[in-house]
Each structure stands twice: as C-alpha cells, then as structure tokens.
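So, here come the structures, one by one.
The following pair of complexes shares a single chain, subunit A, combined with subunit B in the former and subunit C in the latter.
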Partner chain A sequence: MEFAFTKEQLMFKKEVIRFAREKIVPRVAEHDRNHTFDFEAFHKMGEFGLLGLHFPEEYGGGGADVVTTVLAGEALGEAGVDGGLTLSYGAHSFLCADTLYCHGTDAQKTRFLPPLISGDKIGCMGLTEPNAGSDVSAMKTTALKKGDTYVLNGSKTFITNGPIADVALIYAKTDPEKAHDGISAFIVEKGTPGFEAGPPMDKLGCRSSQTSELFFSNCVIPAENLVGMEGLGFLMAMQTVEWDRSALLSPMVGGMNHALARSVTYAKGRKQFGRPIGKFYATKEKLAAMKIFAEAAKLLVYRIAWCKGQGKPLNHLEAAVAKLFVGDWLLGPSNDAVLLHGGYGYCHEYGMERIFRDGRLAPIGGGTSDVQKMIISKMI
Partner chain B sequence: MNFDYSQDELDLFHSLETILGKTTEVRPKNLISKLAWTGYATLGENGLAGALPGAQERLAQWKPAAYRTMEYGLRIAATTLRRFGPEAWHATWVTPIQQGKILATAALDQAEGEPDLTGKPHDKGYLINGTKTAIPGAISADVILASGTVEESPALFLFQKETGDVSLTQGATGLYTLTAHETFLPDTQVAILSKKTPLAPFLDLLKNRIQIAEATGHAAALFDQAKTAAKTCPEGGKPPIAKQEIGFKLATMYTLLQTSRLMSANASGLIDANASDAAMASSCARVFCSDAANEIISSALEVMGENGFKKGGPADRLAAIQALRVEGPSVGQTKEAIGNMLLKY
Partner chain C sequence: MKIIVCIKQVPDVTEVKWDENGSLIRTGLPSIINPNDKNAIEAALTLKEEKGAEITVVSMGPPQVEEALREAMAMGCDHAVLLTDRKFGGADCWATAYTLGMAIKKLGHFDLIFSGVEAMDGNTAQVGPEIADFLGLPLLSYAEAIEVGEGTVKIHQKLGDLTRVIEGPMPALITCEKELNVPRIPRMDLVFECFEKEIKVLGMADVDGELENFGLKGSPTRLRKVFSPKRAKAQVEFLEGTPKESSQKLVEKLHEINAI
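Up next is the complex of A and B:
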C-alpha cells in the first residue's frame, strides 16, 4: 500500500487552487447569498479544463487519470469554492457527461460531449422521483416507444442543475412492469416540447447550485436519444456511484481543509482572556477533529478513486463505507468550525456557516446514510 | 498510490492467521520464535514494510496479551538498536531479539513528577539514575532498552535482567515502572548519541504505531465477534443482523474499522518513509483508532448482550482499550499535540 500522490498531481492541485482562488472564490459568498448559479465561473472552469478533465482529448477533454480528476475536486473545496458549485460540477461532468461518454453512441458523444466539456452547455441527471429516492426501482416516469420515438411522462425531483441544464440525462421505465431491468436512459434537450423544469428549490445549503423538479408531459424524443440499450439504465446509474463516492465527495474533504486553514488563522489571531484562543485546549480539540476527519475521509475517497482508475469493479461495500463516513462524520467537525469562530461563525461573511450548511447534503444526496448502512449490513 | 496488498503481504497475513488461530502460546518469546519463519519479526527489513500494520493488527487481534511486549521488543528495541546503536549491538542483540532467543522491551516514557533516566560517567561505564514508566512485559524481558540522557546528549541504556540496583513495579494497567538508583552499566551497554539526534520523536512514532495497530486489532476482534453473533440464527427465527437496529450498528462498526485500517496503514507508511507529515498522520490515527475501538466495544457489547460478558468475549478487552486511551500520550494529549502542530505552537 502506498497512498502518496505524484509530484505532478500535487503541482496540478496547486494550479487548481490558484485558479479557483483567483477566478471563482471572490464571488462565492454573493452567489450563495442570492441562491444564483455562477455561470461565469462555470465557463471558466470549462476553459481551465476542469469540466472535462478525465475525458479523451478527441472530445476536448484533458485525458487525466481518475485520481487526478478527484484531486481537482478536492482542490476546489480547499480553495474555498462552495459546495453548490462543486455539486453542479459533479452532476454535470460525472453524472451526466460521463454516462454519455461511457454508454452513448459515437454520434451522441460527438454532438454532446464537446459543448458539455467546454461549459457551453450544462448537463444534469434525472433519476430521483417524489416516491423513488433510494428505491430507484419504484420510479414512475415512463418512456414508451412509439414508432421511431419515445414518449416520456412523469416527473423527477431534486435534480441538480435542473433549471439551467441544456442536456438532461433522464432515467425512465421503458417496461413499467419490470423493476430495475425496466429502466432505460435518455437524452432530453432543453426546449423539447412537453419537457419543463420547475423553479429552483430553496435549499438549506449548496445554494448556488440550482435544484428543481423536471416534468415530462407527452414529451416526444427521437429514438436515437436512447443511451445504451433498453433496460440497462439502472446499471448505468450504478456506474456513476464510483464518481459519486470519489469526485463528488472530494470537494467536501477539500472544504474541510479550507475550514481548517481558516480556523487556524482565526485561532491564532483572535484573543480572549489575554491570549490567542488557539492557546486553549477547547480550540485545539476542535482543530484536531477537523484534521482527523479530513485525513480519514481523504483515504476513503481516494481508495474508491484509485480502484476506479485501476479498472477494478466497484466494491459496493467500500463505496458505502466512504459515503457513510463522509456523510455522517462531517457534521461534527463542520459544526466545530462554526463554534470555533463564535459569533463570526454564525455570520455569512465568514463562510463557516456555509460550509456547515453545504455539508448537510452529504448524508442525504446520492444515497442517504441509512441506505449506506443497509448496504453495509447486508454485505458484511 | 496503491491501495492493494501484494501477494507476498497477503500470504504473510494468511500465515499469521493460521498460526495465531491454532496456537495456545501466549508467551511473547515463544510466539516470536514460532512466527520467525513468516518474516513477521523482521518486517521492514525484508521488503514487506507495507504489511506491518496489518501484521500488527492480527497479533493484537489474536494475542492481545502478548502483542505489546512482542512489538516493543521487535519494533522499538530492535529497530532502535539497529538504527542508533553501535555495530557490536547488532549481532549481540538485534538478531537474537528477532529470532526470539532474547526477549526485549523498551522504556520510553518519563514518569510524571519523576526525573528521567540520566547517566554519568563512572569507571568504565555509567551510573544511571531516574525513572521510566509504561513498560510492557518488563518483568519477563531479558533486556530493557531505555532512553535517557548522558550529559545532555540523548542516550540509550541496556538493562539486562540481572542488572542490580534496578527496581520494577507493576502499575494498575499492567505496565511496569523502572527505577534506577546509582545503577552501574558498562559502556558496552550505553550508547551516547549526538545532541542533534531526534531520538525522542523517533521513539514516539514507533510507539504510536504500536498503539494504533493495537486499537485496530481490538476493533477487528470485536467486530468479528459481534458480526458472528449477529449472524447466528436462533432456531426458528431470523438472525439478529436482520433487525435494523443491529444491522446499522454493525455497519457503523465496520466503517470505523475500515477507516482505522486505512489510517493505520497511512501512518505506518509515512513513518517508514521518514516523511515530514508522519507525526501528524500518526497522531490523527492514534486518536481516531483509539476512539473507534472504544465506540466499537460499546456497540459489540450492545449487539451481543450478556454473551458479550462471557470469558473470551468483548468485555475482556474493555480494560485494555480504556488503558490504551489513557496511557501517555493519552488521546486527549494527542488531540492537543495535533492542535499544536496545526497552530505551529
């Protein structure tokens, strides 16, 4: 076992941090406060190469390995980029574009990947429904074949990038009688008649990402918009789990390192009872909790990334462990970061409360902590 | 980056599990002899350094009583003698320790409120005074390697079993305190190092690694026991793990165990690489793994109910885990040390 990054990977991480601090971080607080998506930052991420980091160069990607790609997410979090933008990035690049890359036809890849990678178009993935969250097989949205078209009916909810997406990767039942085997994936483009996005949801955290319902009412799409084969949708969705447990979690590891660095600076400067609060055990204990979480979470997340990079089949047990740990153990140290800053921690301008709020998504999104416990208890 | 064990490392683990699962031997010296052929005693010298935390975990899991003494001899005494001791010590001490012919332990901790060991030149040797505490297996050890100073330089002292004017007293946690009063050691049993030698931090890391793996070994044993109990199907009924209350508890225990293993492996690798962040990683692992073991034993007892208190059950490890948390540097002290490193205090 050997857990070190290469020099090149570490240099790249520094570059991403520098880029993010310069181009994104200055506007983070404003977009979080206003619940608005930072289109400019997203485009700049495309120009920098982040949106297509792991895709082949023929589509405009960077050809990076999985670990480097996951490291970029950590770097964004460490620089101070909010959980909203990194969530949008994750949904766009890994849940939508990567599925198209892995399962799409050459024509689909040629048409959709370059604008997604450049950031000219925004992608989303529609899986969750009002009554089909962790239990995906209960989905009610249908896509019934009619001639050389499919007709979609139903709705999706909690869709990251839903209100702003140009390209939606939608999972729907092509055989409503079947459970998982009846699910297929489709490309639905913005503006398609019968396809509408609801208004952005008012969320606790990750506010700069736009989340909404998606509605399909006799929405007709060409049959060529089927991604992969009929009935394989569930497997495709499960393949995104590797990214979900690595690239979508790594910004939270970075975010904790950001909170830690800010907390250290604050603890050295803030004086109470005639000395810096960093001199008190209570402060050191909080800093230690943040550091320990970041160290532990990093190892779990990069184990998933490394295995994916090696082409190993997903170890669902260890993926659930990573998700459960990040989701449930993040709460304590992110709360510590707020507490350490006292009244300032409660104020928006210091950013600590945002990290706390953004982190509350971790035990919910992408499979709740309870679901991870169910998976683990069945697999051990 | 590589998160896999090599085949050689997996073979070592298999050999250890086979031997440790069968043998009733708990005397450290005999166990070292029994395990010598597997390469366990010389891990790190035989190219399998990456397997060390996993091997340590298995020892702590299967033979917790012997684990600490064996590891203090092999991983602290032998390692320190080889790295800092004169050439003559290698053949005299290191090889016999690794072969199980000599049982060694190490005395690293200064007793609170007591003077550390110091040596002053006398005749063809040194007179040693002072106290060391938290020494595992001192009463059965053939030789105790102790750290101290001679005229403000870091020094190593070798106390053999028959050394006079040394007293050993056992503390409440089972560890020993060594007190030397004008104890004469010939200069062949004293090594004085340069003032710049980072002996204390080096020894702290080695000790930390042993504590981390011990906590992980306890956690592994407890998880296995609880899991087996939870999967045992009562006649005509469902296994307890089918209940969400039990299943979720085991899921949390497993998550803590797997995370502990990664943190242990990471810290060990950084220690071996002499990396600048080894102290931070090992301190983080020390806290996390100790806390995890503590949480896991509590859950194991809840899962197993009264059966957990039977001989050989989780309750047998309760005191050991608590002792591990409080022995110096305690979990609380280590958290403070992490804070100090972050704040650069």
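Up next is the complex of A and C:
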C-alpha cells in the first residue's frame, strides 16, 4: 500500500495553504462573526483553480485526480479557513457542479460548468426537506411534466448556499407514487418565477456559509433542465456520497491539524507555575488526542478518495465509518483545543471556539451519525 | 529579452526554533525560496508579461534545492539550472558569487540578472553585487521599482527613507527589495506542469573555474560564532498628569535625549 503523496501533491498543498493564508484567512473571523459569505474569497478560489480542480480542462477545470482534490480541502482547513467557506465550496463544486458534470447533457455542461468552475456563479444542491432528511424517499416536492416544461411545487430546507446560489440542482418527485425511483434532478436558475430562497438561517457554526430554505410555487422550468433521466435522481444523489465522505470531510482533518499546530505553539508559550503548560501531562494528553484523531481521520478519508480515484465502487461501510469517525470523534479534540487555550479559547478572537462550533455540523450534515451507525450495523 | 534570476533556498525562519544555547535548530525546518528572491522572480515575470522575456532561474545548493527551482517554474520561469557539487559546499558569499558567475557565463547571452537584495538566513547583501563584479556588469542595487528602456534600465533605489533614481546600460544586475512587488502564488495547473519541465544540473566540471575558488576552499570568510544577541530590558516611565501635562513632559523628555 502506498500512503505517500507525490512531490507534485505536496507542493500543491503548500501553495494552497499559502494562497489561503494570504487571501482568505485574514477575513475568516469577520465573516464568521457577521454571518456573511466571503464572495471575494470564493472568486479568488475560482481564479486559483480550486473550484474546478477535478473537472476537465475543456470546462475550465484543472483535471486533477481525486486524492489531489481532497488534499486541497485538507490544505484549506490546515491554513485556517473556516468550516463555512469550505462547506460552501463543497456544496458548490461537488454536490452541484459534479452532478451536472456526471449526468448533465453536453449543452447543460457547456452552459453551466464554466461559470461554476470560475466562481462567477454559485451552485447549491436541494435534497433535504422538512420531513425528508436521511429518508430521502419521503420528499414531497414534485416536478410534474406539462408539455415541454416541468412544474415544481414544494420546499427544501437546510440548503447550503441557498440564499446566494445562481444555479440550484433540485431533487423532486416526478412520480409521487414511487419512493426512490420517483426522484429526478433539475436545474433551477435564480430568478425563475415561482422559485424563492428564504433568509439565511442563524447557525451555531459554519456561519460564513449561507443556509436557507428554498420554495417552489408553480415554478415552471423547461424540460431541458432535467438532469439525466427521470427516476434516476436518488442514484445521482448517492453518487455524491463519495465526495461527501472525502472532499467535504478533508477540511475538518486539516482544521484539526490547524488547531493542533496553534495549540502546540500556545502550550509552549503559555507559562503557569513557572513552566510552559505543554510540560503538564494534562496538556500533553490533549495534544496527543488531537494528533491521533487527525491521523486516523486522514487515513479513513483518503481511503475513500483513493478508492474513488481508482474507479472502485463506493464501499458504504467504509464511507459510513469515515463519516461517523470524523463527525463524532472530532468533538473531543476540538473541545480540547478550546480548553487548552483556557479563557482565550473561549473568546472569538483566538478562533478555537470557531473550530469547535464549525465541527458540530460533522455528525449532522450529509447523514447523521445515528444513520451511519445504522449503516455500519447493517453491514457488519 | 533574456533574464536570469538567482535564487537561494533558505530555512523558513517563521518556523525557526532555537536550542537551549540560543543556536538555530535547522533539523526539520521547512525550506522556502528566500523572500527577496521571490521579489526578483516576480520582477522578471512582470517584465515577461509586459515586454516578453525568457527567464532562467539559477540556484546553488544541495539536490533538494530542486523544490525551490520547481516552485520558481510554477510561478512562470521558463528554465531552471541547479548548481550542485560537494565541492561547492561551505561556500561563503564570495565563493557563491564566483560559482554563480561562472555558471551564468556558461548560459550564454542575457540582458538582465535579478537577485534578491539579501538572504534572510545571512543578511549579507553581498552575493548579487559580487556576481555583478565577477561579470563586469553595472550594479543597480536595492531596487523598489524597475523601468526597462531601449538598451537601458532605470531603477528606484531604496536608500533608507530616500529614493534615488539611477540608470545603467544593459546587461546589468539588479538586486530586488520587497517593496518592488507582491510575488504571485502559482496557479494550480502550473504547479503540476512545473514537474514536467527539465532542470539542468551543473557540477564543478561543467562551470569551469579554479578548484580553489569553489566552496569552503574559496571562502575567505571564517565563521567564529553564531549567537542570539541579548535583549536589553528597556525602562518604562509613566508620565503622570492630564493629557496636556503628560504631553508637555513627553516633549521635554524627547528634547533631553535629542530625539526631537
């Protein structure tokens, strides 16, 4: 087994970290505090090539492999980019754009991918509904065919990038009588009559990411906005799970390394009772726990990435283990990072409490830890 | 136009650690392109974009300097030359400038040589000027702005709080200040492309020169000791009174020490 990154990947990671530290990190605290999206950083990520890393060059992408793409997320986290921006990036590039790339027609790809990859347009994906979270088949939103159009009615909730998206990839029932097989995917553009986004939700963490409900009221879209074939929506959504369990988790791995590096520096500089607090066993134990989490999570996340890169079908057990581990085990070491910084850790200025808050999404979004446990127990 | 940029790979002193005796711990320190040299690279790239140029980046050091050269190519430099030979080891400024100068002679025609003003691990600011001396070139040092004309080059030279404008014929050597520009971050695609480019590796036999002028043998500098200067503890004096009174006292104090 080969665990090492290539020279190219390591240089790439270094450059992403430098880019992020210079162009994004200085404004992270402000956007987190104000609950605002950093449009400027997002555009710069597009210019730098991050938003379209794995897409082919013909659409403006970088043609990078899966592991390198996942590494970019880790680098952003390691640089100190907040979970809000990396979440928005994930929803945009992997949940929206990647689905269009994998299942869209040539015309859809040519029209929508270049502006999504450059960052000129922002994408979101609408799957979850008030009564259809992990149980996707319970969704109530419908898209009924009428001539050469579809008419959408219903609502979505907890949609990352919802209030700011120009292009929404929406899952809706084309056959309400059916469960999973009745779900199809559609492109709905901002400004389409009958389509509205709710106000941004006030969240515990990932605050720079804008999350909202989406409402569809007799929203008429052209039939050509159907992505793939009718009834295949659920399968398309499930294909994003590989990215969800790798590229969307890797910023949290990087974030823990960021917290660890900051904690080590603090533990060496902060003196109590005449010596650095890093000399105390309780501090060492916290630092070790952070490192153990970061290393173990990294292996689990890159296993998913490597398998996807090799074209292997997703191992749902491994994916659930990765998601659950990052989601549940992140709580301890990110709490330790706050505690290690004492009063400073509790204050916004030091950024530790933000890492803690941002991490609270991990066991909830993209499939709760309880659902992961159901999957794991079913498959062992 | 052909431009040569001389760069040095240095330890990243933002990550620097000191041992109990105050000596620099180099083990495990990440290496970076010397920051002033990045300004030199950026200056060359700016000229390339404005007027068209072919840029060769040159560095002397152990084989791991390849990383710095690749990064320079990722930024946009066209070619890279690595000067590496055990006999180059232990070189001081003079021997380094000699080696770089001999290698540059081998590279053929050029219009400009750029280097950083100084390396952050030595701060001697000697290598650039000494290369100019070896090659008999006009030296335009401490550049914070560069204008290239027809066969001439003009710089704004940083002299403390003053700026002096000087001009010289090309070819010339320019040492670059940090105020000159903001070095770019390579685009993702160029990072990967740079690994497909060739790096020309030259040893002592390839650059000619006299054996006694290379490396430690060719270095007149003898390092006696490296140490961290002790910091004198400053005394703090609080000036009491209303803002007006304390301002007046401050002015008197500053007069006393001839500060104003």
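Assume the second predicted complex is superposed on the first by the 380 of 380 C-alpha atoms of A that agree within 3 Å, B and C clash if a C-alpha of one lies under 4 Å from a C-alpha of the other, contacts with A are read in each partner's own complex, and residues count from 1 in each chain.
Throughout what follows, a residue touches a chain if its C-beta (ideal position, glycine included) is under 8 Å from a C-beta of that chain, and two chains touch if they have at least 3 such contacts.
Keep in mind the model is a prediction, meaning the values are calculated, not measured.
Undergrad: After lining up the shared chain so the two structures overlap, which partner does A:Glu8 touch, if you call subunit B first and subunit C second: first, second, both or neither?
TA: Touch status of A:Glu8: second partner only.
Undergrad: With the two complexes superposed on chain A, say which partner A:Glu318 touches: subunit B (first), subunit C (second), both, or neither.
TA: After superposing on A, A:Glu318 lies in contact with subunit B but is clear of subunit C.
Undergrad: Identify the partner contact of A:Val220: answer first if only subunit B is touched, second if only subunit C is, both if each is, neither if none is.
TA: A:Val220 contacts neither subunit B nor subunit C.
Undergrad: For A:Glu22, select first, second, both or neither according to whether it touches subunit B, subunit C, the two together, or no partner.
TA: Only subunit C; A:Glu22 stays clear of subunit B.
Undergrad: Please work out whether A:Ala64 is in contact with subunit B alone, subunit C alone, both, or neither, and reply first, second, both or neither.
TA: Only subunit C is touched by A:Ala64; subunit B is not.
Undergrad: Quick check for you: in the superposed arrangement, does A:Leu144 touch first (subunit B), second (subunit C), both or neither?
TA: neither
Undergrad: Report for A:Tyr281: first if it touches subunit B alone, second if subunit C alone, otherwise both or neither.
TA: A:Tyr281: touches subunit B, not subunit C.
Undergrad: Identify which of subunit B and subunit C touches the larger number of residues of subunit A.
TA: Greater contact footprint in residues on subunit A: B.
Undergrad: With the touch criterion stated at the top, can you tell me which subunit A residues are shared between the subunit B interface and the subunit C interface?
TA: Residues common to the subunit A contacts of subunit C and of subunit B do not exist here, since the sets are disjoint.
Undergrad: Quick check: in the complex, which residue numbers of subunit B touch subunit A?
TA: Contacts found on subunit B: 1-5, 50, 227, 241, 244, 246-248, 250-252, 254-255, 258-259, 262-263, 265-266, 269, 280-281, 284-285, 287-288, 332, 334-336, 338-340, 342-343, 345.
Undergrad: Write out the stretch or stretches of subunit C touching subunit A in their complex.
TA: Within the complex, subunit C touches subunit A at residues 67, 70-71, 74, 185-189, 191-192, 194-195.
Undergrad: For the complex, which residues does subunit A have touching subunit C?
TA: My answer: residues 7-8, 11-12, 15-16, 18-19, 22-23, 48-50, 53, 57, 62-64.
Undergrad: Please give the residue numbers of subunit A that touch subunit B in the complex, ascending.
TA: Residue positions touching the partner: 1-6, 67, 260, 264, 267-268, 278-279, 281, 283-285, 287-289, 291-292, 295-296, 299-300, 302-303, 306-307, 318, 320-321, 324-325, 370, 372-378, 380.
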